[in-house]
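Same chain, two partners: chain A is paired with chain B first, then with chain C.
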Partner chain A sequence: MNAFKILPISAGELGRRIDADLGRPSLRAAIVSASLAGPVAARIAARLRKLSGRAVAHVEHPLEAAALVRLVRRAGEGLAVVSGIDDFSEEEWQWLDLLRSHLARGGSTWFVLSPRSFGLLERNAPNLASWMGNPLTLMEGERLTREADEDAAQAEFDRLSHVWLDETMFMSSLTRKVQNPAYQAIITMGERAIPPILRDLEREPKLWGPALHAITGAKPVQKGDEGKVRRVAAAWLRWAKANGYEW
Partner chain B sequence: MTTRLETFRGYMARLAPAANPLDAVREGLYVPRPGRSTADVVSARLELASTSSHLVVGGIGSGKTTQLLVARDRLSKLSDTCAEYIDVSEIHDISRIEPGALLVIAGLMLGRLLDKSSEDEAARNAGEQFRRWAHGHEESYWVDDNFDEYDHYYDDLEPASDRHSQRLVKTEEQALLSSPRKSLDWTVEEKLSTLSLLCKGLRRQFPHIVLLLDSLDRLSDVSIFAKLVEQDVRAMREAGIGVVLVGPLRSMFGANRPIVDHFQHFYPQPAVDVQEDAAGRGFMVEVLRKRAPAELLTEEACVSLAALSGGVLRDMISLARDAGEEAYMSGADKVEPEHLATAADAFGRKLIFGLNPREIEVLQRVRKMGTFVQTSDKDLALLVTRRVLEYQTSARRFAVHPTLVPLLEQMAPMENEV
Partner chain C sequence: MSGKPERALTLEVLFPDLVDWGYVVTSEIDFEYNCVAWAAGDKTQQWWPDEHGYWPEGVAREMTVEAFMGAYATLGYASCHDDDHEPGYEKIAIYADDAGAPQHAARQVNAEHWTSKCGDLWDISHPLRALEGARYGRAVRFMKRPV
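Moving on to the complex of A and B:
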């Protein structure tokens, strides 16, 4: 591998480039580490959705090139974001190159790729690559990657909290509710679970005090307020603000 | 009043490298190449000999599709000629293409052109047959349960007098001579005879039929392309159809070169030599001028972009768009030299990304010596992916893509240290 890398850009810059990109048919590539491709793609999709006011198709983990093309084409003139194609082999990229005419449509298509996948694209799908503008590489540790990680944490929390609510809906014992595996999995998420818990507390207070205590070790609830769900929630939200949490 | 964002969006919309070339032609953005373009020559030759065969070969983004579309438009103006442009990849998954497929595509297209009120039943049936070949079909038929499918075995078991009065005996002797020309596959023969019926019916409307087939340049396996040329293109010519085909760049080199000989006319479409050909440079600038207003993209910027593109049309359009994005991002109202430099640097980094030391070594040699001798398929890949560009203005010469030059220069000291 040679010494040159594609220069990274900041998260804010990516957002501005997405704004500028709207309204024209285009194929673009954003390069991020493989582990963040999914959440970053979700964020790009959300940004495009917000800016355009239109539906954005997020094509995740298509099984093969033909499936990718089929799913992107379903977006019609709309916008599409593709991620989860890091398992594509050289042959799969070559196939995608043959099918590239089907990707040319009225809307924009964003490919969120790992550096390795981008290398495979350049080498095996040169026609498709020549249609793409210069790729945008996102700085690791930048705000967008942090936000992307937060998105992933939110998604994980949403999934676990739904399971927890379903499984404990008819339980009266608070101890058993807290011992539920899904609740314990949220505690295992550690600091990543705090912003989603705070958002949920703000929206509709629930039994999140034990989880927050288990993660942070803090005890912000006054003696007389224990067991009073709204007061417990207010105490934790006050504590979070005082300790610099953002949610 | 137009906002700055709207101005830049308009600029970028006209510089989309993935846009359909047909739209560019329709919108009047087409600029003829200096001298006689491929489209000029192809259409002129087909006007004179409508059943001739033509192969167009060029690098990525060299404007082959546009040339085909322009040639099609010119031929369509002739009242006695039916010229159809076909993007094969739009109709068929070309990774699974096999001999006969081009004939079926041709039959489908021509079947649609056949006048619905045509009284030529054979031609109408032929059109229907192509639809069946293309999309498959189901048939139901009655079977006689009393029929013994092993009936013919009895020939050897029972006296002939019981079943037949005479018995035909066949013997076979192998032919000593065999034709140097490969015979058509029987499946292709079958499609050829059906296509001939369809063409016969269509000729009442159009005495001359020309098909311009695009996208086959994407076939990385040249042997498949060779089979299509040997079978389908030959069959189309036998059916009296003029054929223009876009082929893979690899078909021009080494052992693949005989493929070119199957065609009566061959058109290499090299990059425009912006360095040594003033007319070519002017053409490239004119392409940009048609798409971008001078307030956003000055004459100097256009000249720089032409040079940075190495004469590859799609790369020039892509670079112009990326430079526009840089200008927008930096708050400028027009594309400045620093925006061009940023766009070119990113473009070069994209092209150099993931190349191995051996490939870098080849590129350094091309940069320093201007020589390029492809000794392997990997070397050829550098040409196919336009990291190495070939020019044929006066003498044949090679150069690395201009956006790679500064990066390769930076790498040279590193290599010397090693």
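Moving on to the complex of A and C:
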């Protein structure tokens, strides 16, 4: 009974669709595996936010159809991305079909659905589905997930490094700087912290050698260069390039 | 970082006594050296006795005032009794917290002023006691060498 032609698109094409929809009322469905729905939705929300310069409501795991509609409408004429509705029963989908006119607002609303959820949508909310047009399915979900995770890692690093600088900027003790909880939290991020650290090292060398050593176990700094901030940074950047890191 | 402010509100929040004692910002922000290096006249590296910092060869890498005095001794400094200005001598002060752990060092400029690099922040000229408090502790030991 599949009346819809599912359009496989790349991540770049998805971006262009988002751009094209911006500024006009639209309901869209993107189909990805259930495990990718959250990260892909976050990615779409980030792109909408960047392009529009406006707030974007990311409605995650609404408990029921009415709650979903309420949260989307809270975005007013703005933009919304919905994900995490795999637990919706057939009845909730039917309710959503009845409430569909409340979702048709001034801005774009993206539903990021698993294949199973899309099947339920087709069967139980055919009118809503017809408003969405042909759903898009992502061929590059893994890449999008990776990019979303990189965005999240950068944001986490930015937050922690600001806290670290705020709390330690007056200290001369390198030991206490490294022991600072925010610095330790960056180390706990593991490999995810490496690209943001390398970007920061390249921009303005700081005390990132101990964190990189703690995460990677590597010791690229030449004996006698300890404390020489620029040489330490250069040694780590060389090491990262040689070991295939991209940042 | 660029632009040297006349005053630095960040420092006044961190070290409130600076406001009453008076101080002058004398550099831009620079991550390349720290206070221990600056007191030693070195702007090229960060001195600290752990594995992350430069520390003079042969001096114990430990967080004690004695180890810090050992580091400055390699530059010709010898222990002295006080912070009085003595023409013909250059003095340094080592600040330590209540547990005796060194937290800061400063170098004497003249009878009233000392110069300090405040962590990652600016170099300032200030009265010795103006940086004493919860963050750096107190100036507990002094050393001098002939100019």
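Going forward, the second predicted complex is superposed on the first by the 145 of 247 C-alpha atoms of A that agree within 3 Å, B and C clash if a C-alpha of one lies under 4 Å from a C-alpha of the other, contacts with A are read in each partner's own complex, and residues count from 1 in each chain.
Here is the rule we use: contacts are C-beta pairs under 8 Å (C-beta built on N, C-alpha and C of every residue); 3 or more make two chains touch, one makes a residue touch a chain.
Keep in mind that this is a model prediction, so the values were computed, not measured.
Participant: In the superposed arrangement, which partner chain does A:G107 touch: chain B (first), chain C (second), both, or neither?
Facilitator: neither
Participant: For the overlaid complexes, name the partner, chain B or chain C, with more touching residues on chain A.
Facilitator: Between chain B and chain C, the winner on chain A residue contacts is B.
Participant: Given the touch rule stated above, what does A:D97 touch, chain B (first), chain C (second), both, or neither?
Facilitator: Only chain B is touched by A:D97; chain C is not.
Participant: Regarding the shared-chain residue A:G78, is it in contact with chain B (first), chain C (second), both, or neither?
Facilitator: It touches nothing on chain B or chain C.
Participant: Which holds for A:S26: it touches chain B only (first), chain C only (second), both, or neither?
Facilitator: first
Participant: Does chain B (first) or chain C (second) touch A:N127, or do both, or does neither?
Facilitator: first
Participant: A:S173 contacts which: chain B (first), chain C (second), both, neither?
Facilitator: So A:S173 only meets chain C here.
Participant: Residues on chain A in contact with chain B in one complex and with chain C in the other?
Facilitator: none
Participant: Which positions of chain A touch chain C when the two form their complex?
Facilitator: Of all residues in chain A, those touching chain C are 165, 168-175, 178, 204-207, 209-210, 226-230.
Participant: Help me check something: in the complex, which residues belonging to chain B touch chain A?
Facilitator: 5, 8-9, 12-13, 16-20, 60-61, 87, 89-90, 93-95, 215, 218-220, 314-315, 318, 321-322, 325, 328-329, 343, 345-347, 349-357, 360, 381, 384-386, 407, 411, 414
Participant: In the complex formed with chain A, which residues of chain C make contact?
Facilitator: Those residues of chain C that touch chain A are 1, 10-11, 14-15, 31-32, 34-37, 44-48, 50-55, 63, 103-105, 117-121, 135.
Participant: Quick one: which bits of chain A touch chain B in the complex? Just the residue numbers, please.
Facilitator: Answer in residue numbers: 1-7, 13, 16-17, 19-27, 66, 94-95, 97-104, 118-119, 122-123, 126-127, 129-135.
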